[in-house]
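Should a chain be cited, it is by its letter among A, B, C and D, assigned in written order, with residues numbered from 1 in that chain.
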Amino acid sequence: MTHAEIAVGLFGKTHKVSVDADGIVRGTGSLRSGREVNIVGIANAQPLGIEAALAIAQETLDIMRRGPGTAILVLVDSGSQLMSRREELLGLNEALGHLIKVLRAAASSGHPTVGLLYGSSTGGALIATGLATSWLAALPRAQPSVMQLQAMARVVKLSLDKLERLAADTPVFAPGIANFASMGAIHAVWDADSDLGIQLEQVLATRVNGDDERARLGAERGGRTKAATIIDRIVGEAQRG
Amino acid sequence: MQTLHFSYRAASRLPGKRAQALVGVVASNDLEVLLQRTPKATDCVVTVSTAVHGYDAVWKAVLADFVERRAPGGLRISINDGGARPDVVALRLAQGVRLMGDDA
Amino acid sequence: MSSRDARLARAAPFSQGKVVAAADVTALLEAVLTPGDRVCVEGDNQKQADYLARALARCSSEKVHDLHMVQSGIVLPEHLDVFDRGIAARLDCSYSAPQGARIARMLRARHIQLGSLHTYLELFARYFIDLTPDVALIAAVSADSNGNLYTGPNTEDTPTIVEAVACKGGVVIAQVNEIVPQVPRVDIPGDRVHFVTRTQQPFYVEPLFTRDPAGITETQILMAMLAIKGIYAPYGVRRLNHGIGFDTAAIELLLPTYADALGLKGSICTHWALNPHPTLIPAIEAGWVKQIHCFGSEVGMEDYVAARPQIFFTGVGGTLRSNRALCQTAGLYACDLFIGSTLQMDLQGNSSTVTRTRIAGFGGAPNMGSDPRGRRHFSEAWLKAGAESRPAQSTALPRGRKLVVQIVESFGESMEPTFVERLAAVEIAEELGLPIPPVMIYGDDVTHVITENGIANLLLCRSPEEREQAIRGVAGYTEVGRQRDRRAFQQLRERGVVRLPEDLDIDPLDADRTMLAAGSIRDLVRGSGGLYRPPARFRNY
Amino acid sequence: MRRLSWFELSARNRIAALLDARSFEEFIGPEEVVTSPHLLQFDLPVAFDDGIVVGRGRLDGKLVLVAAQEGRFMGGSIGEVHGAKLVGILRAARALAAAGRTQACLLLLDTGGVRLQEANAGETAAAEAVRAVLDARTAGASVVALLGGRAGCFGGGSLIAACCSHIVMSEHARLGVSGPEVIETYKGAEEFDSQDRALAWRTLGGMTRRLLGSADALVDDTAAAFRQAAIAQLQRPRPLEMARLQAEHARLRERIRRFGDCRDGAEIVRRVLEPAAVYGLDNWSAQDTERLIAKLPESAHDAR
């Protein structure tokens, strides 16, 4: 699905969602219930660089300024973080960190933040966008990844064959929404063929900005069997005596 | 990965108060050694986990010398090996025993 | 018309006076060279006449063929390309580590007719007897229009090559980084230089002697402690040479700390035949070192050396004046100790850096690491070593011995044992039909072997069996070490032939990186007052 | 004896040297052998602590929570267990801050980023960790990143650092999302020659990061210096509030406006500040850095 199809799927044809030349998504739309939803994000599989991260952060800050409590939907179809010497020199990590902070600040101040991963997203870009929302949905054809298997094979010095065989037995390293869902990173995979607006309404009806449930989901889904227990134990031990 | 088990009878219980110690890091040419007290005064059991296969005889020789020289009685020693050479193995074992002998 | 005049006449169209445009160098070489010429392309383990090496490799093999290469180093790919392209046929050289794998393959395929592998000094010697080059391709920092050359701190082999070639009717062609009205100092007089060409890029220099202190391990520190306390101190070693390696770098970095605490300052390590090792900076700054003569320079050390003329040999203008032939001679005759590492050692102490797939050549180590039987001056260290080598009741004339120390870890990279029953060099020699195996240091020259397990003093061994057991005694957990005879080992230990760390009152647990006078390249830079400027590849700041 | 170098110390020894003597208490220590469940299938050895040490101790007498990554074990990479220990300590920081028991959490980061053999678990843990940092800050905690290890601070680790309230670096530290090797692999050596280590440090190193205001303090490579800096930073609380976010936004925009056409730290120094400066050479001193910091409004701010 394209961002335009998604906007229509969510809000019908009256949406005001647009994508600029740099792949930055902005706009608003009304759900059938009349609930206003703000849209930000990145499209066209653009790599996420400093300017793009600041633009999305700017848009989010503007939404917060416009009024409290409105929902923010972050649409994600990105490449990886923009890889260049210039980006690193100028502090790409700070720009991505800033975007994460702004999205979290929005959530903390009462804007439900929902991510919708509809294309690809890799590495640092994924952490700074979809994974920085309170609740992340994905469409079935989305492609989240840390690194493509071919490149990974080179780095970990195993054949692609061997890596693919390993990937069949474990969700822990290979790209794909099922694997990320099994980690708890993706809360739900939406049905692209049914009403997206209704699916978003259903999410917004829950307490989106609650505690971070991803480790618990990962345990329930069997993808991360150890993380949740470890986190809970440490929080418990730190509070002792 | 290959796991090797060794058990020894040491000349005496290793003195010192520490219940456990960890020395070294799992990295290339290095290893980590975890030493823990056991109730058995002179027994010393060693478990080695290594990705470098085929050096059983070298491990056996290094550990036998170590037990003879340091008398690490009453210890359970667990090793994760990142491909350490015998001199580093011997050094880390000795460092571990010294830490166990600390009063702290 | 002499052969040189004929060569110069053929070359005339390609030069203006002595100056040749870089683009014309290949044509000039084609004009100067005749088939079968002996040619030296200057290059050793440090500096390279790299532009001229490339220009030679571009020559037409119709015009230039069957050359006999007589040069210190086989280092650049072009040094072997000339054989693949049919330009050269025969080779006599010294050092080939960077091309070790390719040269081994080419020798196996009989693409090279190999004369001998030499030491540097030996090949220089043959330049004056039976391997005088007809043409030399050399490198310098700058030239004037008369051909006077300034070699900068990396003089190295140049004067020796030029002496042999220019004074025996040959032609000398130099690549220079710049042509100036007046050179800062004349390292090579212009009347010995026939052509100069200015290159876009400065000639290449390898920072071969830089060891990052961050890479020094506790095991190497332990071995350095053994060397200092077990050998340098008792023999009172003042005049010495260090090989390349982290173990010897560790010794250098322990001088201002560990050796200082042992009260050894002034009584060891005062006079050196050594390149400007960055790891010696702390000892120099702490006043340990009286003087150093250098084979070559070291990238990044130029300003530091220039600022310490009381320690180093410098020329007009203040930069280092190095000279490989003279420094090799100094190392051979005027040093009491050589210490260096190796890849393999057999049970008689013969050592080699040759593996089944790599032929590294020799460089200078066999000269440094041999007992010069022509030596007649004496020193405390030399006499003591000589005395130890004689049985108590011996009636032989008193003689000294050079201390030749091999410092090795019992296992090398990938758990390859250093100690072996049979050297790979012996097998290679059989396979290639070499009349002598490429042994770096002969066992009968070796006086001590240091490993992380202890020191074997071979001077005190009275039979081949004892030597074998002494070597097994420090060979640790290698196959060779584990097969040692426990009783013989105990006896050798009681006699002090084998000494373990505890016999020297050294606790291996004290071997700690905080003992190093510098822990990083950054520390060395600081210690030099900012004068040392390490190459980019060594930086982590 | 040389002073202890932060760069050389292990994670465990960094904590010991950083905190008050013998005050550290580890959570889920190595004796519990809580190790990676994923490395075995790659035939790789595990570490008893999965390359991270977490717990509590005292700094200058005050309670602090600490996590220290071991850069030598798999490049300090974030796997499932490693990441969970980090997230655990950050969530504990939030809980203790909310309860008014301590406002201090120290992250001794030393990581190449997400561990590829357990990439998805590591990626998710990094996302949980950044959120946990921000939630701890919202609850009033200061989260101080201390960077100066072998592995640098890359990938997910760099985003965790960026979310911290304070960042302390030594000149050996590197901080960036993609490291030189990664950029070289994807974009070629023309874009970033990873062999040129001086360039790597001029781009990502502590000194450049300090000049640009990406770090709050540049300290010597000693445990004592890191300790002193951590104590000092903890006295400047930076609650995560709207005004600070807006100031950060303006700060980052201004940086791009001033330096957006630069590709090398030396260019920033030379072109914008001091035409004759030879930034990055060995005679560049700490005093030179201080002098530049004084001139560069970017480097002194509270907008993080």
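We adopt the following convention: a contact is a pair of C-beta atoms (placed from the backbone, for glycine too) under 8 Å apart; a residue touches a chain by one contact, two chains touch by 3 or more.
Note that the structure is a prediction, hence the values are computed from the model and not measured.
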Shortest contact path, chain A to chain B, counted in steps = 2
Most heavily contacting chain pair (counted by C-beta pairs in contact) | A-D
Per-chain C-alpha mean nearest global C-alpha mean belongs to chain D
What is the chain whose Cα centre is as far as it gets from that of chain C?
-> A
Chain-centre distance (mean CA atoms) for chain B and chain D, in whole Å, is 33
Cα centroid separation between chain B and chain C, in whole Å?
-> 40
Between chain C and chain D, tell me the centre distance in angstrom, where each centre is the average of that chain's C-alpha atoms.
-> 43
Provide the C-alpha centroid distance between chain A and chain C, rounded to the nearest whole angstrom.
-> 59
Hey, which chains are touching each other here?
-> A-D, B-C, B-D, C-D
Under the touch definition given earlier, write down the residues of chain C that touch chain D in their complex.
-> 214, 257, 513-520, 522-523, 525, 530, 532-534, 536-541
Residue ranges of chain C touching chain B (in the complex, touch as defined) | 217-219, 222, 409-411, 415, 452-453, 476-477, 482, 508-509, 511
Chain D-facing residues of chain A, complex | 50-51, 54, 57-58, 61, 64, 81, 83-98, 100-102, 104-105, 108-109, 123-124, 126-128, 131-132, 146-147, 151-152, 155-156, 158, 166, 169-174, 179-180, 182-185, 212, 214-215, 218, 223-228, 230-235, 237-239
Given the complex with chain D, which residues does chain B contribute to the contact?
-> 1, 20, 22, 25-27, 30, 32, 34, 36, 49-51, 78, 80-82, 104
Residues of chain B touching chain C in the complex = 29, 52, 55, 57-58, 61-62, 83, 85-88, 90-91, 94-95, 98
